[in-house]
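Lettered A, B, C and D in written order, each chain numbered from 1.
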Amino acid sequence: MRMLYFAWVREAVGTGEEQVTPPAEVSTMADLIDWLSKDEPHATAFADRDRLRTAVDGVFAALDAPIAGASEIAIFPPVTGG
Amino acid sequence: MRMLYFAWVREAVGTGEEQVTPPAEVSTMADLIDWLSKDEPHATAFADRDRLRTAVDGVFAALDAPIAGASEIAIFPPVTGG
Amino acid sequence: MIRVVVQSAAIDLAAELEALERHGVGGIATFSGLVRADDGVDLLELEHYPGATERALEAVAATAVERWSLAAAVIIHRVGPMRPGERIVFTAAAAAHRAAALEACAYLIDRLKTDAPFWKREHRGGEARWVEARRGDDLAAARWQT
Amino acid sequence: MIRVVVQSAAIDLAAELEALERHGVGGIATFSGLVRADDGVDLLELEHYPGATERALEAVAATAVERWSLAAAVIIHRVGPMRPGERIVFTAAAAAHRAAALEACAYLIDRLKTDAPFWKREHRGGEARWVEARRGDDLAAARWQT
């Protein structure tokens, strides 16, 4: 599964992209963030869940969204375009 | 007093501008239109008051507006700009 | 900045926009009205009341600048003959934030439709007809009354 | 016509407007967002999520075309570094009547603020800071929910 990070999340994680292989019991976006947060720098980057937004295969998704079958997961701050 | 006419009112009166000298008892815009309507082609041009709009010295004015001291009176159809 | 022009020349959008952008604001909203080509009109004539037109447009622009704290308000209106597809009118509002610019731009075009002495005559294959006022224009202008 | 572009090049307003006017409609409303110069920012960077951004913008434009029966909807958004006074974003809506064009243009800019994955980083004298999301943007987008 390909992880993408943007803006200050990218800077906090230290990379904009990485491959991860979560275990089968990781079934929602919230589970995935918990699992990634077992180590630094992810634990610090993801500490404040209210400041995170996510997308599954390019579509905005809530923290309780299922991730089964997803090939690309993105984690980023609230958007500030325009 | 200078009269100005625009759009189909101008065409119906047959001129865009004329000088008139109404008597003293002509004190409102409605009086003026009545007085001008004593002859053709004005009578026909001004027959339907609902289709007329007026201005006193360049400012939109209602039919009961006073015209004392005015130097320029305009009569025209509802506006259709933009 | 208030810029109000009634002109027979074509409206130069790029020049108008560049002038607006020089004011260093956050957002610029514009509206361009074009002569519609889809109802058989082959020529449109615009008549106006010189002097009174400019004063009416300046009053509309000044009210918008005051109400939305605009950095700039622009109204350019063409008069004389024009062809389908040509610009009749251009309004623009520049402000620090987008909501003010967007609302003010809508105000400028809605109010000028009812407040400024312009008259349209449509030509279709040699026949000319004065355009009747639209009730919708009065309603659009009335929604800005506070 | 739907035209959605995410680009690092400057936005060519005149070219965009000419393309819109070729659709022969009655009215074109536009909004241009500029990098504000008045709060000490000397450079603005825009980051985005390639692919997802374009899909989000296309969805916003398609909804506007459907809802207001537009002849055209355009969203151009810049990414990368830009200077105060430069255009970040341009939205435009073309329709037969002005109310549809004006409302749809406001919709395009309000929705893209919340629906498209862009992030701004402001630079002031060598210090860089990610811009925080504004609650006002959520409220502006929410008013379009039916």
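By definition in this document, a residue touches a chain if its C-beta (ideal position, glycine included) is under 8 Å from a C-beta of that chain, and two chains touch if they have at least 3 such contacts.
This one's a predicted model, so the numbers in the text were calculated from it and none came from an experiment.
Counting only chains that touch, the fewest steps needed to get from subunit A to subunit D is 1.
Averaging C-alpha coordinates per chain places the centre of subunit B 49 Å away from that of subunit D. Rounded to whole angstrom, the centroid-to-centroid distance between subunit A and subunit B, based on C-alpha atoms, equals 73 Å. Chain centres here are Cα means. That of subunit B falls 26 Å from that of subunit C.
Under the contact definition stated at the top, the residues of subunit D that touch 2 or more other chains are 33, 98, 109.
Counting partner chains per residue, subunit B shows two or more touched chains at residues 82. According to the touch criterion at the top of this document, the contacting chain pairs are A-D, B-C, C-D.
By the touch criterion stated above, subunit C contacts subunit B in their complex at residues 33, 46-49, 51-52, 55-56, 77, 88-89, 109, 112-121, 130-134, 137. For subunit A in complex with subunit D, the touching residues are 4, 6-8, 10, 55, 58-60, 74, 76-82.
Of all the residues in subunit C, the ones that touch subunit D in their complex are 13-14, 17, 21, 24-34, 36-38, 84-85, 87, 96, 98-99, 101-102, 105-106, 109-110, 140.
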